[in-house]
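Chains here go by letter, A, B, C and D, matching the order in which they are written, and residues are numbered from 1 within each.
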Amino acid sequence: MSMLNLELPGLTLKNPIMPASGCFGFGKEYAEFYDLSKLGAIMIKATTLEPRYGNPTPRVTETPGGMLNAIGLQNPGLDAVLTEHLPWLEQFDVPIIANVAGSTVEEYVEVARKISAAPNVEALELNISCPNVRHGGIAFGTDPSIAAELTKSVKSVSEVPVYVKLSPNVTRIVDMAKAIEAAGADGLTMINTLIGMRFHMHNAQPILANRTGGLSGPAIKPVALRMIYEVSQSVNIPIIGMGGIETADDVIEFMYAGASAVAVGTANFIDPYVCPNLIEALPERLKKLGFSHISECRGLSWKNSK
Amino acid sequence: MSMLNLELPGLTLKNPIMPASGCFGFGKEYAEFYDLSKLGAIMIKATTLEPRYGNPTPRVTETPGGMLNAIGLQNPGLDAVLTEHLPWLEQFDVPIIANVAGSTVEEYVEVARKISAAPNVEALELNISCPNVRHGGIAFGTDPSIAAELTKSVKSVSEVPVYVKLSPNVTRIVDMAKAIEAAGADGLTMINTLIGMRFHMHNAQPILANRTGGLSGPAIKPVALRMIYEVSQSVNIPIIGMGGIETADDVIEFMYAGASAVAVGTANFIDPYVCPNLIEALPERLKKLGFSHISECRGLSWKNSK
Amino acid sequence: MAIKELMRIVQHNEIAENIFRLTVQGKLTKQVHEPGRFLHVKVSEGTTPLLRRPISIYDVDHEKKELTMIYRVEGQGTKLLSTRRVNEKLDILGPLGKGFPVEKAVPGEEALLIGGGIGVPPLYNLAKQLVKKGVKVTVILGFQTESVSILKEEFEKFGDVYLATVDGTIGTKGFVTDVIQMMGIKPDITYACGPKPMLKALKEQLPNERLYISLEERMGCGVGACLACVCKVPNDLTGYKKVCSDGPVFQAEEVVL
Amino acid sequence: MAIKELMRIVQHNEIAENIFRLTVQGKLTKQVHEPGRFLHVKVSEGTTPLLRRPISIYDVDHEKKELTMIYRVEGQGTKLLSTRRVNEKLDILGPLGKGFPVEKAVPGEEALLIGGGIGVPPLYNLAKQLVKKGVKVTVILGFQTESVSILKEEFEKFGDVYLATVDGTIGTKGFVTDVIQMMGIKPDITYACGPKPMLKALKEQLPNERLYISLEERMGCGVGACLACVCKVPNDLTGYKKVCSDGPVFQAEEVVL
């Protein structure tokens, strides 16, 4: 009997491990390394209505224990995702979570409506860290009422459950989560990247062409854990946790904090086999810790102390 | 001629390097390692009106590239600081920046009034990350108007310039900085720690007795740099930068971002000699990069690009 | 005075399951006299783990300028330490803290030394110094099980050695406190190092005035500046002692366990 | 197919100022055929630096199962790499990317190989394969200054070698483009690897159709998934190529520099 299978809104997962959006493209590259059907799910790269080139290079740089990226929503656009990438992924027995992005509520709605109808898309993940062109470029994800409005609009057109991806760059993450839950979200994914910068020694300029970038990797793990701990106690929808996960112990730590499943981002770049390795390592580690199923770990940090 | 001397409101600095508050006690321990007169300044441990024991232990734990602390404002109280610690520091030729903390505006004001009158205190640093008991424990530093009110009150009683220490745990750091500048602050120090958590594998409980702790060290450097970059372009008061500084290159990177001087926290724990080592290493590094004085580095990242 | 030195590893080997003996050489050795002080060891060359690891001094050889530590692999830090090889340099800050007061024992008196688990090693140099001074030494060592029991032969040079293991695989089955009772040991002075429950039990069982205990606490700086490692003191709500600089060895009455 | 392997270091030494030659052994070698592909090397054992470092394959020895790289110490990552010692294991992902198309050169044709700085090494195995195929090889190597000029003797085995240095300390004073002009070289096919300004100049000077250039870009994944390393393509605002998987070698016409 599997120790790892899980049910989440819209998702029947063989295991709680999925690659995080933007860190796995549309799966093709990693399919060279292993059978994608092993994965719990796949969060595909953010999709916008039209194709986008994204930011100029350099798009990545490093920081202690982390990396900064400013890819900038480069993607082939909704049509290509619907006609090429999603159909290609149908060969695998794995649910797809489609990461939806846009510059306006209308764009999100349009992408959500069409992509949620794809046969292998079992859930949407709303990337609300995108700049909102109607509100002076301030991210949708930094204001609870704007995020709630967006959630409601997308929810009203989506054919599959909607998960909203929280940005950690806010004062009160719990307020964001509650507003999004109230707006009808089926789940949360968290955290997206922290905003950071690095500068060149020789010319004092920002290393990234976009100047700022998103900090990911082990460096942000404690921030992700704290936010998941707070949010999971304040909402009744499940959380897919992410931020610096590299090891089976990291996975379990995120579950303790309150996540129901996890996503792995940056670690794929360091080890392309990280996801199947985690899936393989988890049962033994769980047994050693005295669990008979991964779901027993969920929220144990706060369930115990009550 | 020195390449490192600087003038900031209230402060004549031999060099831009000072230990950060809470990472250097009141200087006694590090005086065993070197002459404290070498330092640009010393930011002493947060002082409250009454003595405080702080949080239960464990008070520290580690994260990739960083550490979490939940010391909890342990300090001997204003009277002991005024009668013991500050007089002891008078033997050194170094300006003291007194870190002021409290649970109410009144407590801050009382501490600020008395400590600012001490002969070797040349500036105050308002620690606004403390929980505000009148506002349900939400930190003073997460609301621009509360932070501004606090700044104004302290400013009205302080005999020395007032620097306000910004918390990074906010959605819009620039709004905070502008409100605090408008309230009369003479300078800013940034950043305080990010809030984070870690959990024990064997019992799922938070490792820190206080559950959450403040993330410091190299892991937060890119976040500090980004915030200093944004704030330094939006205000006209100087910034003392901090967050993961370990090397001379880190110091220069913070200057490029927009800091006028820097503070070193966690790195003291790893190398007690880090501050004098940085002071010694900086001139050569600056020369190699083509600078004749450290102040030339300040804000070069955005001055250049305009 | 504490100094920071890149000390050369001259010996490094596993002496029991996951327990390593590490000898380093350098001029820091000159500063080491009192037993029970500790070294703050940088185990990584990078930033993870970030902080140093406190490890007690097991023994010192002033002639060879060598310091020996004995440590157990617990987590990431000590695991990394165990991979460091002979002739590599190790960044060490020390000696730190206040050790066992040898001067409190009078020649001819009977001293009892009690070690639990990885708390055993710092008692070694203490025993050596006490015996040299003419103090009679009895040693009780407590372990979980035989495979991790260490240093029995080493201590037998100095006096009677009793063993206790939780599972009874070697020595008395039970705790060190059981041995004290069973053997009816009535020491003039006691020095102990081990897990907090053991120290608590000893504090209840033995007269506190001449009981010296070595505490452990998670540390930041190791030098008394960051207040990470405090413990409470009796009858003072805001008072405290710092394990790293006021301790790790305290007179039992000084601290609340 | 790319694999990930802990490869054993069999040789590692400094061959010029800050330039190292590193040979590793393992079964990954079997996958290496086309010249100009690269390895993605994990330089730290911890989390800093976090990402792998792309290093081109200099040469391959299928019999000994050995791969050689030549790299320059640039920053933190390559500095750390330079401290790794013989017999240690190195975590390597590869071979990655698309290399130089040997098949585009016809036996008897004249191929020009142009390397700039640390772009020189990947041309070595290319030259070897071209010569073996019966293609005539001419090599131009450009460097900043003599102390960092490398591999001249190695390339002389394959054909004429011209040197250019910016400061004139060895070879022609100036750039590789100056050498082409001075010598009136008219190659049938050209392969180049070096800094972007050099590649740009070549793209203007030489017929693009049979000019193959190897690009560098900061990488995340190295396998085509993260879109860190893209470059623009002509006449398509949202189109792009990925240096790590569509390249690093491109036909000059395919990409906008």
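As a working rule, a contact is a pair of C-beta atoms (placed from the backbone, for glycine too) under 8 Å apart; a residue touches a chain by one contact, two chains touch by 3 or more.
All figures in this text were calculated on a predicted structure; none of them were measured in a lab.
Tell me, which chains sit next to both subunit A and subunit C?
Both subunit A and subunit C are touched by B, D, going by the contact rule given at the top.
Computing the C-alpha centre of each chain, which chain sits at the greatest distance from subunit A?
Result for max centroid distance from subunit A is chain C.
So which one's got more C-beta contacts, B-D or A-D?
More contacting C-beta pairs are found at A-D.
Would you kindly tell me how far, in whole Å, the mean C-alpha position of subunit D lies from that of subunit C?
So the centre of subunit C lies 55 Å away from the centre of subunit D.
Roughly how far is subunit A from subunit B, centre to centre by C-alpha average, rounded to an integer in Å?
About 34 Å separates the centre of subunit A from that of subunit B.
Rounded to a whole Å, what is the gap between the Cα centroids of subunit B and subunit D?
Their C-alpha centroids are separated by 47 Å.
Just the number, please: Cα centre separation of subunit A and subunit D in whole Å.
So the centroids are 36 Å from each other.
Residues touching two or more other chains, restricted to subunit C: which are they?
Expected reply: 47-48.
Spell out, as numbers or ranges, the residues of subunit A touching 2 or more other chains.
Touching at least two other chains: 64-66, 217-219.
Linking chains that touch, what shape results: line, ring, star, complete or other?
complete
Quick one: in the complex, what on subunit A touches subunit B?
Its residues touching subunit B are 63-66, 68, 142, 169-172, 194-199, 201-206, 211-212, 215, 217-223, 225-226, 229, 244, 249, 252-253, 256-257, 289, 297, 300-301, 304-305.
For subunit C, which residues are in contact with subunit D within the complex?
44, 46-48
Tell me, which parts of subunit B touch subunit D in their complex?
Checking each residue of subunit B against subunit D gives 64-65, 218.
Per the contact definition, I'd like the list of subunit C residues that touch subunit B in the complex.
Touch residues, subunit C against subunit B: 1-2, 4, 42, 47-52, 93, 217-232, 237-240, 245.
For subunit B, which residues count as touching subunit C in their complex?
Per the stated touch rule, the residues are 22-25, 28-30, 32-33, 45, 50-54, 57-62, 64-67, 69, 71, 74, 76-77, 217-219, 266, 268-273.
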